[in-house]
Structure formats: C-alpha cells, structure tokens
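Quick one: this structure, given as structure tokens, is what I'll be asking you about.
Labels run A, B and C following the written order; every chain starts at residue 1.
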Amino acid sequence: MPDFTVSDSTIPDPTVLSRNTKLSDQYRPVFSIFYALLVRDFHVYFRHRGAWLNPLTFIFMVILLFTLGIGPNATTLTANAAGIIWVVALLGIMLSLDALFRADYDDGSLEQLLLSPEPLYLPVMAKVLAHWVVTGLPIVVASPLFSLMLGISGKAIPALALGLLLGSGVLSFLGAIAASLTVSLRSGGLLIALLILPMYVPVIIFGSQFVQSAIEGWPLTATLSMLVALLIGSAVLAPLAIIGGLRMSIDG
Amino acid sequence: MANWQWFHRLGSPKWLHGTINRWLPWVLVSALVLLSIGVVWGLAFTPPDYKQGNSFRIIYIHVPTAVVALAGYYAMAIAGAVSIIWRMKVADMALRAIAPVGAAITLLGLFTGAVWGKPTWGAYWVWEDARLTSMLVLFFLYLGIMALHDAFQNRQGGSRAAAIIALVGTVNIPIIYKSVDWWSSLHQSASIKFTEESTIAAEMMYPLMVTIPGVYLLFAAAVMLQMRVQIAHSERHSRWLEKYAINRA
Amino acid sequence: MPTSSETAAGPSIHSISSTEPLLSSQPLLVVDSLLCERGDRLLFAGLKFDLVAGDGIRVEGENGAGKTTLLRVIAGLTQQYEGLITWRGLGTRRNRGELHAEMLYLGHLAGVKAVLTPLENLRWWAVVHTPHLKEQSKVQFTHLLLQALDKVGLSRFAHAACHTLSAGQQRRVGLARLYLSRHPLWILDEPFTAIDRNGIEQLEALISDHLAQGGLAIITSHQAMNIEGFDRCILADYKTDYANTLEQTDNSAFEIEAQY
C-alpha cells in the first residue's frame, strides 16, 4: 500500500474550497465561449471554400452517377428519388465529418478547449452547429435542385427541404460522436462510416418516408414529428458523448 | 463500504481469473446439456407445424440466438457504463470479450433466419422481415465496436471509445428496431403478413424454454473464455499469473 | 477577481489573482506516488513533489523519459496514471474545473489555428481561459490582446494569417497568452523551442516575475534556463522495480480514488 497519509494531512482545512464555490463566484462565460467558438469556426470555414463547396459538389456528382446507373427513365428515377437524395446527403455529411475536429486536434486548439474550466456542452454545440451551417445547410438550400434533377414535383420540394433541414441536424450530431472518437486515429474516415451508418438507420427511414409521403400526398405529421423528436433527442444527448469522445482522444 | 466489498473484488483481475476457472466447466457443461435436451426435444418430440411442416424447427436455435444477440449488446453497454463511471479495468476486458462473441451469435441468428426464410417465403433474404433487418443492423453495430477496438494502438483509448459508442448504441437500438418495424409494415406486400405471428401452439414453445437458457449459458461460457484471454493479456507482467502458468505447466 | 477600482484604473493583467490568497506555507499542488506507463514501458513510479506559492520546478529527462506525459498528467489531459494529484487540497481527477480555472498549459502544439490571424487566435483563447478580461469593454479587450501581441513582438503581424508567419512567430502567438494570464499555475512544455535569444531572455524574465509574485511553474526545457529558484525533477530517479509497484497498486488505486 502506498502511504497517502502525508498528502491527506497537507489538505489545509481553512482554505479547502468546497466544490463550485470558487467558480460560481466568478463571471461564468459559457455563452461568450459559445459565441467566440462559433465566430472562430466561421472564420476558419469561410477562409477555406472547400468546407462548404466540396460536400455539395460530391452530392451533385453522386446524384449524377445514380442517374447513370439507374437509367434516364423519369418514372423510375422519381420513384427512387427520395431514397437517393437522402442516402447521398447522408454520405456527403458523413464524409465531411472527419474534418470536424481534425484540424483542432492537429494544431492543439482542441487541447486548449478541453482545458476550459467551464462545462464543454455549449462549446461542443458551437462546433457542431458551425459545421452544420457549412455542410448541412447548403444541402438544404440546394435540395430544390436535386428535386429538379430527379423529377420530384412541386409540392414535395418544400417537404424535402424541411425533412433535410431537420434530418441533416441529426446526421451532424450523431456523426460528430464518431468524429470525436476517431479524431486521434490517422485513418478516421472509413471507421466513422462503420460506427455511424447503423445509427443513421432511423433518419434515413423517416427522412425518405417524409418525402415519399409528400410525393404521394399522404399525411405528413407522423414522420415529421419523428424527425423533430430525433433532432431534439440527438441535439440534447449527443454532446455528452462527444465530450467523452474528445476527452478520450486527447488522452491518448 | 462493507457491502461494496464484492464490487471491489470484482475489480481485481486475479480474483476474477480464479472465479472464471472455477465456474467455466459448470457453465459449459450445463449449456451443452440444456442445448442437447432442447434440440432433441424440438426435433424429435414436437408435432410439425400445420403450415410450415418441419422447417419451423429451426426456431429452437434461431429465436435464442436472436434474443441473446440483443441481450449481449446490452451486457456490453453495461460493461461500458461501468468502465466509464468507475474506470474498472475488468469492465474494459468484459467489453472486449463480449463484442466478438456477440457478433458471432448475431451472425448465427442471421444465418438461421435466412435458412428458415428459404422454405417459408421462398427466398433466403426477405427485406420485409423487420426482425432480420434489425438484426443485420445489430451485427454492424457489433462490427463497429470491434473495428474501434482494433483501430487503437492504445488499449485504454480503444476501450473507452468502444464504451462510449456502445452506450450511444444502447440509446439508439430501440429507435432503430422501432423504425425498421414501422418501415417494414409500411412496405409489406399483401401476400405475406408478418404481423400476425406467434400462432404457434404451446407445446411447440416448450423446447424454447430450454434452448434459450442454453444459448445464454453458451454465450456466457464463450465470454468467460474470452475474458480469460483478456485478463492474461493485461496481467502478463504480474506475478500471480506467472505462478499460475507455472503451476499449470 | 478584479475589483472595480482595479478595472477603472486600467487592468493590470499581469498580477496573479484568485479568490483565495496564496498561502506561502501551504502546498498548492501536491503530486504523490505518481506512476505512469506507456504501453509496457514504465515511465516513472513513486514520483512525488509539492509546490508552494513561488515555486518552480523543471522536469528533466532524456527523450522519451516521460516529461511531456508528466506535464499532461498534471494538467489533467490524460487520466492514464496511478497516484494522487491535488490542487488546493482537491483531487484533480474529480475536481478538474478548479484546477483548470487556475492553470495555463502550453503544450508542444501551440493551439494556434493557421488560417486565423494572431489576434483572432488570441481572442478565442482569452474568452475561454481568461474570462476576467472579458469584463472589459470590447475595445479595451482588443487593446489588451494587441498589447500582449506587442510584448511578443508581433504587433505588426496582428492581422496576418498565421500560416504566413514563421515557426518561431507562431510559437510566440502561443506565448502571448502568458502576458494575459492570471493563472497561478503555469505548465510549459518546451516554451523556448524555436524562440530567438532575445525572446528567451524576455521569457525567462517573465517566468521569474511570475514566481516572484507567488505563481507556480512547471517547465520542461532542453535549453539551459537562466532562472533562479527552480527545483529539478529528474525522471530517471523514479524508475523503481516494476513488479513491486504493480503489486502495490493492484487494488488500492481503485479504493483511494473513491475518496477523492
């Protein structure tokens, strides 16, 4: 047994601060940290066009390839459009996720962030949110174009955009978990896919069903509420796993 | 702290190693006994199904594997939670031990499901069957955890990563299962109805009561074997293991 | 906490502040029975030291001896150790926030983003780590950041992207944080790397100033340091018999943890 009595006696009774008293007296900058990280990441992404342009280009190209593979028949394409668009959007977001924490890990700023005395919940939110704005949001904005390419009719176009708006958020939050776990590994990309694709099953089911229902004119509320529930659930819970993943990655 | 003593003991690889050695033969033998009883009973002494004939008999293996596959994932997630909260080495080892065994059981479940599918629905793989589809997803979840273990040079990091993803999976699995269920009911063709199941006669169910615990015990035995390997690897420098190895030799 | 009078007079960012006075006789940081291994290799075992206000310690050892690991362990970046570390009497495993609020860590990696300017880099770091500065007005905050950049000789480059700067200049962006810091504990991993002679002298003066004001510093450095009053911690002294240590720490670590 190592002797720990020495260190026990060195605890100075009058100066021992009960947990949280010291920190809570101070100005707690959680929201300024959230805001500062959001601004910082936007600066980083906007100085690097590829951040938002590459996933979008990828998506257009894969839609092109799908069309070439399936054939030009408009009915077949439209029948499969919802599934194609969702799978492609999912792949686009997933592939961009490897970069979410990679640069921060490599240059040491992730380390500095994890040494913050404040809870990491909001900072992690800020990182995922900033990443979603440059990857998920462009997909939502460009979704009417996908609809045109695959022959989705007028009414279903806003439904597709709404579904992608909610669903891409879920994809970002869940995917960020895998990204946080693999950021210390050199070959993170494929491993992210292995880890997270099974978790994406509900999103792809409800997301494409939402579009399908809109195309067929079926009621939308059930699938819509499921997408909303998934988004809320993943936004609330995923940051906890992401924090754990980042701490583990830094620990290596 | 007295009533936590067992928990502390559980944290000791040496104690666990001894316990596994003592229990393993019993678990293994009772697993084999239960499985043989169940299989013989199921194959020879239950009446054939009026619609499926004899092909239904594969449920005596298929159903237990499906049950244990899912339970195994939850066992793994519990080990993950223990490892995250209490940082117990032994929990990490359990996580590592369960993943490949669980994957193997899931694969067995998929295989028997496909074999059952051929005479019943005329195809080895029918997507409309939500349970098989969910099981395939479960199989991928297991593979992901194994891949994560392999990817890390640093064992502690790998264990921690796997524990986190196992916990995330635990939250996700009910959602995945429900969504696949819903999806398949939506796309079901009129000719095959999977929703009205369990019209099996009670006497056909009895052998299941034996094979399900049998597969559970088999799973436990396989995990214990794996556990022993994990303990040997992590304690390879300790004196007690050296003594044990010398005694064995 | 800066008092209101302090704020009005213009903040003196360089004085160490905390809610508690730094009692000179009480050890603030206690490291006891520390054991670290990497893979199968024991880095050190039974390592112990404690630091009172004004103490500095220099960690010495050859490449791969575990200097960086020790610093990361104390900083709370890695949990892969056995033993006990307390800050102000609180175990740092369970009370990470209390340590991090009063600690500045500068690692091998500067934590400087290449696409951002030095000013932008310093700004987000200051928001995260020196919240007392955020109580200033925005203009004053920026002014303080520029002042710190000026101290490390980067005022002309404040608005240039960091990837256009030299390696030494990028290191200096990280070092500028020391001029903003009020953290009592500084943990600096090779702070003199890629810094020119002038910069080294300035940094040495800054560190001895920090100690003179009751700060603490833990430093690794290959260069000879010209700072007085630094203790040495030689890692090679803590390579004891491996098997003995293993048996000692087998079960006890778990129980000891529960107390902190």
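In the analysis below, a contact is a pair of C-beta atoms (placed from the backbone, for glycine too) under 8 Å apart; a residue touches a chain by one contact, two chains touch by 3 or more.
Quick caveat: nothing in here was measured; it's all calculated off a predicted structure.
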Chain pair with the greatest number of C-beta contact pairs: A-C
Chain closest to the middle [Cα centroid of all protein chains]: A
Distance from the mean Cα position of subunit C to that of subunit A, given in whole angstrom: 32
Computed distance of Cα centres, subunit C from subunit B, in Å: 47
Residue list for subunit A, restricted to those that touch at least two other chains: 251-252
For subunit B, residues contacting two or more additional chains: 154, 156
Two or more partner chains touched - positions in subunit C: 79-80
For the subunit A and subunit C complex, residues of the former touching the latter: 1-4, 6-7, 10-12, 15-17, 19, 22-23, 25-29, 32-33, 36-37, 39-40, 43-44, 47-48, 103-104, 106-109, 111-118, 123, 250-252
Sites on subunit C touched by subunit B in the complex: 39-40, 79-80, 242-243, 246-247, 250-251, 254-255, 257
List of subunit C residues in touch with subunit A within their complex: 1, 18-20, 23, 26-27, 30, 32-33, 46, 50, 75-80, 83-84, 86, 88-90, 95-98, 100-101, 103, 105, 107-116, 120, 123-125, 127-129, 131-132, 134-135, 161, 248-249, 252, 256
Complex contact set, residues of subunit A against subunit B: 174, 177-178, 181-182, 184-185, 187, 191, 194-195, 197-199, 201-202, 205-206, 209, 226, 230, 237, 241, 244-245, 248-249, 251-252
Subunit B - residues contacting subunit C, complex: 8, 11-12, 14, 86-88, 154, 156, 237-239
